[in-house]
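Could you have a look at this structure, given as structure tokens, before my questions?
Naming follows writing order (A, B, C, D and E), and every chain is counted from residue 1.
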Amino acid sequence: MAKADGKRIRRRTRRTPVGASPGTLIADPAAQRTDLTLTLLSPEKVRTVQNAGIGDVVKNLDRWPVMWLDCSGLADIALIEEIGQTFGLHPLALEDVVNTGQRPKADFYDDHAFVTLSMIDDAATQRYEQISVFFGEKFVITFQERKGDPFDPVRKRIAVSGPGRLRTRGADYLAYALIDAIVDSYFAPIEVYGEVVEKTEDEMLHAAQRAQMLQLQQMRRAVNVLKGVLWPLRDALSALIRNDTPYIHAETKVFLNDTLDHAIRLIQMVETERDTITGLIELHLSLLQGRTNDIISLLTIVSAIFIPLTFLVGVWGMNFDPETSPWNMPELRAYYGYPAALVFMAAVAVGMYVYFKWKKWL
Amino acid sequence: MAKADGKRIRRRTRRTPVGASPGTLIADPAAQRTDLTLTLLSPEKVRTVQNAGIGDVVKNLDRWPVMWLDCSGLADIALIEEIGQTFGLHPLALEDVVNTGQRPKADFYDDHAFVTLSMIDDAATQRYEQISVFFGEKFVITFQERKGDPFDPVRKRIAVSGPGRLRTRGADYLAYALIDAIVDSYFAPIEVYGEVVEKTEDEMLHAAQRAQMLQLQQMRRAVNVLKGVLWPLRDALSALIRNDTPYIHAETKVFLNDTLDHAIRLIQMVETERDTITGLIELHLSLLQGRTNDIISLLTIVSAIFIPLTFLVGVWGMNFDPETSPWNMPELRAYYGYPAALVFMAAVAVGMYVYFKWKKWL
Amino acid sequence: MAKADGKRIRRRTRRTPVGASPGTLIADPAAQRTDLTLTLLSPEKVRTVQNAGIGDVVKNLDRWPVMWLDCSGLADIALIEEIGQTFGLHPLALEDVVNTGQRPKADFYDDHAFVTLSMIDDAATQRYEQISVFFGEKFVITFQERKGDPFDPVRKRIAVSGPGRLRTRGADYLAYALIDAIVDSYFAPIEVYGEVVEKTEDEMLHAAQRAQMLQLQQMRRAVNVLKGVLWPLRDALSALIRNDTPYIHAETKVFLNDTLDHAIRLIQMVETERDTITGLIELHLSLLQGRTNDIISLLTIVSAIFIPLTFLVGVWGMNFDPETSPWNMPELRAYYGYPAALVFMAAVAVGMYVYFKWKKWL
Amino acid sequence: MAKADGKRIRRRTRRTPVGASPGTLIADPAAQRTDLTLTLLSPEKVRTVQNAGIGDVVKNLDRWPVMWLDCSGLADIALIEEIGQTFGLHPLALEDVVNTGQRPKADFYDDHAFVTLSMIDDAATQRYEQISVFFGEKFVITFQERKGDPFDPVRKRIAVSGPGRLRTRGADYLAYALIDAIVDSYFAPIEVYGEVVEKTEDEMLHAAQRAQMLQLQQMRRAVNVLKGVLWPLRDALSALIRNDTPYIHAETKVFLNDTLDHAIRLIQMVETERDTITGLIELHLSLLQGRTNDIISLLTIVSAIFIPLTFLVGVWGMNFDPETSPWNMPELRAYYGYPAALVFMAAVAVGMYVYFKWKKWL
Amino acid sequence: MAKADGKRIRRRTRRTPVGASPGTLIADPAAQRTDLTLTLLSPEKVRTVQNAGIGDVVKNLDRWPVMWLDCSGLADIALIEEIGQTFGLHPLALEDVVNTGQRPKADFYDDHAFVTLSMIDDAATQRYEQISVFFGEKFVITFQERKGDPFDPVRKRIAVSGPGRLRTRGADYLAYALIDAIVDSYFAPIEVYGEVVEKTEDEMLHAAQRAQMLQLQQMRRAVNVLKGVLWPLRDALSALIRNDTPYIHAETKVFLNDTLDHAIRLIQMVETERDTITGLIELHLSLLQGRTNDIISLLTIVSAIFIPLTFLVGVWGMNFDPETSPWNMPELRAYYGYPAALVFMAAVAVGMYVYFKWKKWL
């Protein structure tokens, strides 16, 4: 959720230095320590190895129907390269794993697909985390920027579901389940956005304040960033469905289609939010302008009523000498001069008030 | 129709919790009690079973050319699952039935199609209801969120039309008739919107008030939501027409094409309404600004006329001592001093008035 | 042309009631009496039967190379249905004929095409009229909502052109000629719009008034309606050209391409008009705002000059008692006190005037 | 270049009257006298016949590899029809030649192509001229609305280049050279537009004046018209390149591709210009508003400082009678009353000034 | 980065004069002296010839697997033509090399491709430089407008990487490396833009000033220019990947795809920047307007409080003669007249203050 203190978290893309040989892996100095978790699945049993080493991977290779290697933290470049070589991953893909901040996309190689996804890691600061997923006929490899496991629900399903779909189907179904968990993780923050916008609207209609404009502008920016992430996500999912690689089975595509549906729904929610925010910004400007107009109108009324009266009292405050001429301000010496003057001025004031009422300006 | 009290009905999408196994049905706590209505159609006769049980369905299966099972209320998950198993419906589709708030869409399975539609359930509060339609070679199954039957006109046609088209043609024609009824149900609320907008315009041109701006913003939001529903509706209809499944016959596609035509017309009506509303919002701002400008202009006229006069009466109210010098305010002792001063001030006022008239500022 | 009294003619679509069997014809209560005009064409001769009956149609069927049946007024549903049966027209198409206000479109059946067109019937009130055209190998049938014949120029060409193209070519060429006449009928009102806009612009630059804003908003709405009619018209013409039905010959497509060209030009004219109107609305707002700014500037000048002067005369109007102290307002008793005060105040006024001039505020 | 006097040159399309037989040529009453220039090209020699007659054309037909007939002025309908018959041009194409103001387009017939182009004839008044080009295997025919030869550079190249490409290649290369000359003729006026916009920007930043807004609006309109001409021009060039007619050779298409490139660059220049103008209009509004805001701020300062002071001098100008009560205005008789009052008022003024400075309002 | 002094660097396209024979090379008078650098690559060794002549090129032709000729400065037209003839480059392509300011694009000839790229040469003045790249089976030729080598990183990689990919792969891989270096060179300036925008935003929120608006407008223009360069760049890269020429190998396309990815990311960054700038411009207007509204509100408060008080002191400053009537201003002679008047006026002032506070106007 957008913070009101005007601080902006930029989504930066890390890059290999200009001209470096493509496929060169260079660790982000801020990257977290790398931890491997190996999960081995067969219809009969499941085995999980925490803090696994590359040796655990190698010795189980091809001995289980599905192997899932989850790598969190991208600091250990050597280990990542070793993983790449073990599974035959493309160097350019590995480069994209390490240089986080990539657009969501799906690339297809001969025996594995590479999917990059973004996830809102921390809604409060709008921090995004890149999740990279490789999957082939028998393996799924996931890379996360930070600890904190978006795949926990999937792990639970593996653990509890007995010989359920997650165990009996292939690696592509596991990859689908992981991707689906990432896509669905967007619903919560987008709904929070919606509530923040709604709250801002309520506050605004109660009392429009300048701080709300700032907040709305930040919300709009946050929503634009979201849109910029969700559109390529949608395209990546479409590419997974349309592609004719042997390691994505037709049955899995039915499920991916459901995920694509969710992504489209997310985009629609974001677009609607954007339209709402734009409408609120316009409304806010109109409310603030309306308040100024009210204030100006009041000034007009007060001025328009008192300025002529002030002129009148000024007239009767002039010092024309009554002794040199009978024409010089005889009213000042009239018996009812003062009360008559007061009554006259009251009449002028009331007349103007009535005129403004009639004009609907009051 | 948009309510003026600023309350917003959100179209929320219910979701299976993140990471739950796809196809898991979880009832919405707010869902209504489930009621089944079974309608059995053959060219010769029609039978309707109110409050049917799953047993009624099973025992009539495949014994009638067309079976229509209408299920209103989505609370009874077990029953819905049983229906799914009886007809071989896909679990993901059933999930979309229960998790209401889906985008309109059409999915195609080997022996049945699944169409999700939205319907304006209550125009006053802009509440939408999801209608799900499954249909195969011999059956149509409809799921409604709430009682209150949008299919009543179709039931009547079945009852009265004798061995009409609705009975002689297959399940796809019945499905078309039901979908057509849903699509046509949009015309009335959209026309009501049009009338509300027109009324707001009339009021606005008579007297622009701030409440109208709010109402227009709400109308715009309502129209945007409609657009967000009608576009995917259009796509779903196109998909039904383009698809090459054996259970949608060519003759039915001619009729679906007509429904698509209606959907396109609805979209055009909504787009026109949206343009009108945007124009009115601009006009409203311009009218309000115009009123403030009028008020400011008045202030200017009044001030510009009286400020110099007030200065003049101030001059003649100064206390320069006429006794110490003949130069000190001799006009105060002139015989026609006061009348001359009044005439001079009147001349200044008239001169400025004429100047403003000439400048077209009055 | 948009009328300035703020009255809006809505383009309403008539609809068969929700849930009615598709293809049911229900007459619009406001429909005009139906009149048939039968024109029979062969290269050698032409015969026209005014106020023809269905009998005239039946007995000439297939005996002339081209038969054109023009039906104006849509009140006589029974007659229209009889025509439909005689020529084998599709019931859904006939429904669209009777339910006027359809989007322009082209539908293709096995042996005839059905084209719906819109025509500006009365530019002053922006009333549109739906023209429906059916044509097959040997017949053209046209339906008009109202008398008043947009096809008169074509009739004249038939009458005068001797054994010209209109007689020797088939029904598709006649249909093209009729459609072309409808499309070309848009040029005149769009050019009138252009002139109205230009006139409004001239008036506006001479003296911006609020009524012009209303008029521009109405023009924009009218132009938007036009755009909403011309785009589907364009699509319908494209469909006619691209389609591979035997009853539209290649030579006729060259001519239809020319009509399509005209339609594209019309769209471009309308888009240009729309841009111009949007620009004028912005300019108008800016002109009005400019006038208010001028008025405010004047107020500022007058106030800024006189407010300090009024303060000064107020100072010298104070009643500090010169008799109790030599410090109390000695200037009031100076020999040149009054003239000096006047000169000082004049200097202040001139100084401020020069300052404003220098600031380019005057 | 847009003229500042608010006069608008409309691009009107001439049309054959509604319902006239397509292909009927009717001269524009304002059309110029028709002049033919015949240029005959072979690799060995070139011959040019000024003021040629149709006889010159007929007798040289098919006797030179390339014949170029340039026809300027469209008044002589009979001659144009004769040319059409001689070369077998399509009547609809000839109609488009005579009814000037067509959108740029390319039509393809069996043995010749027909390209319509627009050219800025007079940048000062934004007058456009339609150039029509027909070309087949052995001939190029060009029609210009007015004398003044945009093809002069090509003539020169023919004259000077000896047995250069223009002579050795076919008619399609000559047509390309002519079309390229027309397309390139847009660069100069668009660059002039850019300079005018830049100049307006400089003036505006120096001193924003209302006339600049008008000029910018006109520039925007001119640029919109240009865009409306260049987009179809681009499409026409694409059509020429993509088409598979035998009379456009592959080598020529490489050159046409270069022309297409120029057209795309022109469009980009125009789009950039448009964005710049829109930005300047916004900036202008903001500058004007800024000036008004400055003036208003000044008024506030002056008023806010003097209004309380004027109140104070008013207080001490009241006539409460000191003789009836010691409470009645004793300060008027204080020894330092007047100087103290002046000092107090100065302190108030300085205090407010400091306050405004602190608030950054000054 | 946009400079704040309002100076605009135009991206001008040099052109061959209208009507000149296509392929004519004419040097830009401002072009720099031409320098050739020849680099010869084989898996075994590398040779670099500084200030090479055309002779060096000819004698090494076809004797090395890959020859890279880098030509910086475009003044020596004769030399460029000689290079063209030596490698069989197309004259139109050479024309585009010399006439700098071309849109990025990729053209394909029988045995070589021609890629035009733009590069930000000097971010401070937004100067762009055109880089042209030709490559065939065995050669790469690059043309730069100015010295200052964007290819330095690639040279280093050639030098240091031993028998690395750059040496063992073909000319297409070298061309890819050079193009990739150009594309990646955009990241730095775009990130600088982002920082400038962020800094402007911070300043703006601290104190909105008119100069910031100008800066934002210039940033927007700079970003628009960038967008206009990056979109065709993206298209050129797509064309390289999609094309089926023998001299671009499938393995190289995988790498080009990575470059395309970078280009898409650049476009997204630029679009985001643009949205941010547009939002900031709106925010700036709203902040400035907010300040004016604050000032106006203050004026209203001060005026509305003091104007009635000034009226009151005016009343008691009137000169109605108490001696002629007991009705004439008896309060002036009341014992507590003056204190009561002061208290009354204070009460009025406090009352209005409270009213404004309650209205939330203060």
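We adopt the following convention: a contact is a pair of C-beta atoms (placed from the backbone, for glycine too) under 8 Å apart; a residue touches a chain by one contact, two chains touch by 3 or more.
What you see is a predicted model, and the numbers here were worked out from it, not measured in a lab.
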Output for shared partners of chain B and chain C reads none
Between chain A and chain E, tell me the centre distance in angstrom, where each centre is the average of that chain's C-alpha atoms. 25
Which integer distance in Å separates the CA centroid of chain A from that of chain D? 41
Which parts of chain A, given as residue numbers and ranges, touch two or more other chains? 289, 296, 299, 303, 307, 310, 314, 317-319, 329
Which chains make up the ring, in order, starting at chain D and heading to chain E first? D, E, A, B, C
Can you check the complex and tell me which residues of chain E touch chain A? 152-154, 156-157, 161, 164-166, 177, 180-181, 184-185, 187-188, 191, 194, 198, 201-202, 205, 254-255, 257-258, 261, 264-265, 268-269, 271-272, 275-276, 279, 282-283, 286-287, 289-290, 293, 296-297, 299-300, 303-304, 307-308, 310-311, 314-315, 317-321, 324-325, 327-329, 360-361
Within the complex, chain B is touched by chain C residues 6, 8, 10, 12-13, 15, 17-22, 90, 92, 102-103, 105, 107, 207, 210, 213-214, 217, 220-221, 224-225, 228, 281, 285, 288-289, 291-292, 294-296, 298-299, 302-303, 306-307, 309-310, 313-314, 316-319, 322, 329, 332-339, 341-342
